[in-house]
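One chain, chain A, links the two complexes that follow: it is found with chain B in the first and with chain C in the second.
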Partner chain A sequence: MIAIVAKLIARRLLAAVPILLVVSALLFCILRLLPVDPAAMSLPPNATIEEIEAKRHEMGLDRPLPEQYLIWLNDALHGDFGRSIQFRREAGSLVAATLPVTIELATAAMVLAGIFGVSGGLLLFHLRGTLLEPVADLASILLLSIPEFLWGLILLFVFGVLLQALPFTGQVAPDLPLPHVTGFLLLDALLVGRFDVFLSACQHLILPVFALGLAFSPTIMRVLRSSLFDVYHEDYIQQARLRGLSEQRILLKHALKNASLPTLTLAGVQFGILFSGTLLIEVIYSFPGMGNLMVDAVRNADLPLIQAIGLTYCIVVLVINTVVDSLYVVLNPKLRVR
Partner chain B sequence: MSGPVSRSLRSARVLIALGMILCIGICALFAGWIAPHDPGDQNLLSILTPPAWAAGGDPSYPLGTDGLGRCILSRLIYGARTAMLVAFFASFGAMIIGSVLAHISGYFGGVVDWIIGRMVDVWMSFPPVILSLILMVGLGVGLSKVILAIILVDWTRFCRVLRSEVLIVTRHDYVAAVRLLGFTHWQTIVREVLPATLPLLITLVSIEMAIAVVVEAILSFVGLGVGSDQPAWGQMIADARQSVYQSPWNLLLPILGIFLTVTAFNLLGDGLRRTLDVRFSETGR
Partner chain C sequence: MVLKLQRRSFLQLALGTAATIGTSARIAFAATNDAVTIGWPNDVPSWDPNQRFTPDAQPVFKAVFDQPLDQDPKLKLIPHLIKNWNLAPDALSMAIELRDDVTFHNGDPMTTEDFRYTFFERIKSGIKLDTANSWKKVDDIVIESPTKATMKFNSPAPTAPQWMAFLGSYVVPKKYIEGQGYDNFLKNPIGTGPYKLAEYELNSRIVLERNDKYWGPKAKIGRVTIEIVKDPSARVAAIQSGQVDCTLNVPVREVERFNKEGGFAAEIDPITRVILLNVRADLAFADKNVRLAAHHAIDKAALSKAFYGGAAVPLSVLATPGTPGYLPDFSFKYDPGLAKELLAKSNFSPANPVKIGLAATNGQFPSDYDIARAIVQMWKNVGIEADLQVIEYAKYFELNRGGKLPEATLYSWDNATGDPEIFSGYQLNPKMPFSPWKDEDIGQKVLTLFGVADYDKRIAGYRDLERYAVENGATMPLLQSVLTVVRKHNLAYTKYDNGWVLPQTLQWT
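Moving on, here comes the complex of A and B:
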């Protein structure tokens, strides 16, 4: 079974390679059309025209665009994404240092969004036909209208500024050290046995994770509810009722299992969006993740870094979508033949 | 059988949403008359004053001032203008590109469909926030640039959803019938296919408006939006973060502005979907 899933995922990832190539070419073109000159930017302001020309030649900027792209692609395939202009470091190593932070944040948020989404969806479905249904329905639309960055600001204001109950800047309290083993802070803190760091990191995660979780759960809620409605039209629900099963058992054992399929597909798409949604949350909570780095790079027109981060986001989203697609095939017996 | 327009107007959701949009729209349209001050006017003698009803408030600044002594109420009203302009132009632009491609793709099928489909795939593998940020780097800041960036990012939403609808409609017998009657492809699409996909199109536009307001706020918040000379809610939030302890109102009011506008468009979309979508009304939901 695991071998089949692995094969499936591998095959789908392979199918995503052409898309990735086009995406990288597109990214390259957009950024090369900019009215900024990376060569001039990487030299001190008093550099002469000749020096800039020499730098342009050294960076390969005087060659035709397709050739530039192939050189960049070749380097990128060898793990070299060029040097960041503002940080004067390898763009690849900057991305590698910040990616775990973003993955940790996004994963925790997705788990929370899943918990809120499923319990909210079950509650919405449970309230069907009651007087509370329109109220709950309206509440879910209102929730849908608060994007993650507004949740981020609201939570920061209420729990950080007003109640001063939770920290809201950075990953960990400023007086604590940042252990570095894998790059995943929670894991690293446990690995080096610093429970105070672990606790502080958890506290710092609460607000950003809730902001993302609250923003992404309403969609899951609404899809789960409507799939439950669809499932309840099926004959086997009637039959289960005739067999004398309790409503709770029918809902949790029979209906939820089938209704979870469309919900899972949606959750996969949501995870992709959530992953890029961490960008603003990282800016608001000063989290040293990839999103914060991206905004920094964009503000300073740091082309190599923008390219590296943009591509990383696309790869992560493609991988997430591929894995969810494969999971869908595994969970849906109708698609399992072959 | 009542018409779709009168049916929509009897829906409480649609009416409430239209009322809210009308209020925000009037603020946006008549900003010059309604706003008590010029939104860019700085009064460095009264910075961060609280709203007029709070202790220390100044009645000439009903909602107080920001860190540069600019009138919050005026900036909110002019910010509504920015948000509404972006919402309307960006969603109509994205709608036009997306729906034209969707109709071509779904109606003709074959190679055209394949090419457009792959284009959408490539586009959608960019996370929207990332793509719009990258585009803004390329385009530079400004209101028209924000609108263009949103159009370039969001046409895919229309294209993908509408294409499958066009595919279904095109298979109906009445479409084949008008072809047999001698309608050209153009006539068939405009007179037979488009009216059938229109309800979905309208619903998508109103949802897209909500998305455009959020994207504009995000871009302005990051500092890559409409530019510093034009008031925008996202920018007000970014400014207010610096002084959140002294004057929380500066942060809360633009958040409220974004929330109300987005809610109005989402509510409109939801109400229209319920009243216009035939499948929806058949199942009684």
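Moving on, here comes the complex of A and C:
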């Protein structure tokens, strides 16, 4: 099985090369075709028109688009994604500094979405045919219709403002330091032995994680329920009943495992969407992640930074898809047959 | 039984944890008398204060670094690191004398070597600095002693003293940067300011600690935490929940709500920022009657009342009250009847409207898009049909450069100095990228004023220009913009006319 998974990963890595090339070219062209002037944005407001023209020349913006792209690609292959116009720092280093925050937030949210999604899906399935089914169905549709930023505002208002039970700005309390080891705050707090920082970081994660988790769990719930319905029409479920197995055992030991495969595929797709969904949540909760950085970059027409962040999102999605496909191979014996 | 016990234990554990989390969260909100937390709308772009002109970051820079000259709350230029200055009558040189008791945060004394390095050497060294643009006229800085030097300009620099207290003009430590390296300076910046940078997390927070060896008045509060909260609703929630002690730039309606409900001190302060319509000299606006009619048709007082609680002062010139270029006796009237008459002279009426375009940002400054919509309606009543287009601020310069802006564009312009060169001088200078107004007559007047060395003559010239530009429809000033501040009642700060909220002026009362 390990060999099959390794082969799959190798295949995916090979396929990622043309995908990244196409995405980077598309991103580059779209950004350059926008009616914004990075040269003017990179100069102070009292720069003259002549100085802006000189800057355009210096930045290579007066060259043909394919030539500009090839220069960018060559630099990118050497690890240079350009300098941020706004921050005057390497775009790559800015992305590297903010990516762990977003990964931590998105991963915690995905775990929560998975827990809510699976337990909610099981509950919905369990309530089938009962009087409560339409109520549960309606509740899941209602949950589905609330986007993550709205959850963000609702939770902030209820638990932050009304109840004043949880903090909602930044990653830790103002009087605590932020340790820097790996960039993953929870891990860093434990590594430096600051449990007060760890506890504070957990408190600050609760609301944004719930906002994202609640927004993404209903889809998982509904897909799991549908998959369970399908699985329950299979012969082996009837045979399990004939063998005298309890309904609970049939559900948890037999049906859930098979129904989880489409759910897993969906969760992979959802994780990609959730990762980009951190953008608004990071702004609302003042999380210094990549989404927050993206908002700055867009506001300032910081094309090198937008390009670097866009490409990072693409890489993250490719990695998630590879992980999900690998898990699929692990969980589904049919895929391991050569 | 075992299962029940486990379940009970689990519930107790969960509730206990929740209570602990809740309690410690509340403890975290409590403020001490020697600390304050501010909800700030934007991060600093870099810790090199000479690098980027970002108006919102200036109060943060002013806490860590010092400017050669400063402004008092009424924006009068006052000595700071520079004790005395003397701009030559031809504005081709400026002699300065620095204080002799200033040290950087690492203990190094601040001298004319640092001054020369900041305003000449590092600019010439090729580091990409915005100050390279403001100080491009500097030919040399001749050092006479550790405290005395003379700046030499290659062309008249009449606003050099004003720029000494403006965007990006902060003295940085030569020895430290050259010795420790530029990258280290960006990570561990030191200045001569009243606060030291204790901690910085990109897009998250800035922690400042009082510089007890500061040469000037010591800051009243020992530790200032600036939480970067970009979302206005989150800033409102943060102050309301007590997670921050003070915040800025919240929606005007929220300030009104805070004032009604009590509990917090909430203010709408007019500042040296103008909201105006930048106009073209061609297309349908080639007709002066149409331009003037468009201006007469705008009820600025109604805009102020509707969108800024009446706190934004209606403007007739491109300068704010109290600044040198302001004309208190000149008023450009709201007169829809006159607007109709002017349009009638050009054969336009509500039945046969003149068609123009109006561009506006949505969210660049408070209520921008709503103001634009209201103007469209006001214009419609007199016979001007405007097609409203939303543009990104970042696109403004590109559209202007390509001559693609419509007849009018709603714009906001900040000028912390209050000097008229940086108001109408910059806005109407045809060689600068701001104004779509390209016209020889006004352009030549502006360019002449850029070389006038005598202060009184320069100010008088700008006052004439402002009136002339408005009377000819070359610009349409609308309102003085506002800054909103919400704070705890017992937290005081010094109000500056340009909207600075300086950490070193905060104090608990």
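To be clear about the criterion, the second predicted complex is superposed on the first by the 326 of 338 C-alpha atoms of A that agree within 3 Å, B and C clash if a C-alpha of one lies under 4 Å from a C-alpha of the other, contacts with A are read in each partner's own complex, and residues count from 1 in each chain.
To be clear about the criterion, contacts are C-beta pairs under 8 Å (C-beta built on N, C-alpha and C of every residue); 3 or more make two chains touch, one makes a residue touch a chain.
Because the structure is predicted, anything quoted here is derived from the model rather than measured.
With chain A as the common reference, the superposed partners chain B and chain C clash.
Shared-chain residue A:283: touches chain B and chain C both.
Touch criterion met: A:47 reaches chain C, while chain B stays clear of it. When both complexes are overlaid on chain A, the residue A:248 reaches neither chain B nor chain C.
Legend: residue contacts after superposition of the two complexes on their common chain; A:177 is shown touching chain C, with no touch to chain B. When the two structures are aligned on the shared chain, A:22 is found in touch with chain B, with no touch to chain C. Aligning on the C-alpha atoms of chain A brings chain B into conflict with chain C at a single listed stretch, 225-233, out of 207-215, 225-233 or 261-269. Within chain A, the residues touched by chain B in the first complex and by chain C in the second are 34-35, 153, 157, 161, 283-284, 295, 299, 301. By the touch rule above, chain A contacts chain B in their complex via residues 19-20, 22-23, 26-27, 30-31, 33-35, 141-142, 144-147, 149-150, 153-154, 157, 161-162, 226, 229, 272-273, 275-277, 279-280, 283-284, 294-295, 298-299, 301, 306, 309-310, 313-314, 317-318, 321.
Contact residues of chain C toward chain A in the complex are 21-22, 24-26, 28-29, 35, 37, 39, 43, 45-46, 48, 51-53, 128, 130, 133-134, 167-168, 186, 199, 201-205, 207, 225, 227-231, 233-234, 237-238, 240-244, 392-395, 397-399, 401-402, 404, 426, 431-434. Residues 34-37, 40-41, 43-52, 86-89, 94, 97-98, 153, 156-157, 160-161, 164-171, 173-175, 177-178, 199-200, 202-203, 206, 283-288, 292-293, 295-296, 299-301 of chain A are the ones touching chain C in the complex.
Per the touch definition, chain B reaches chain A in the complex via residues 121-122, 125-130, 133-138, 140, 210, 214, 217-218, 221-224, 237, 241, 244-245, 248, 251-252, 255, 258-259, 262-263, 266-267, 270, 285.
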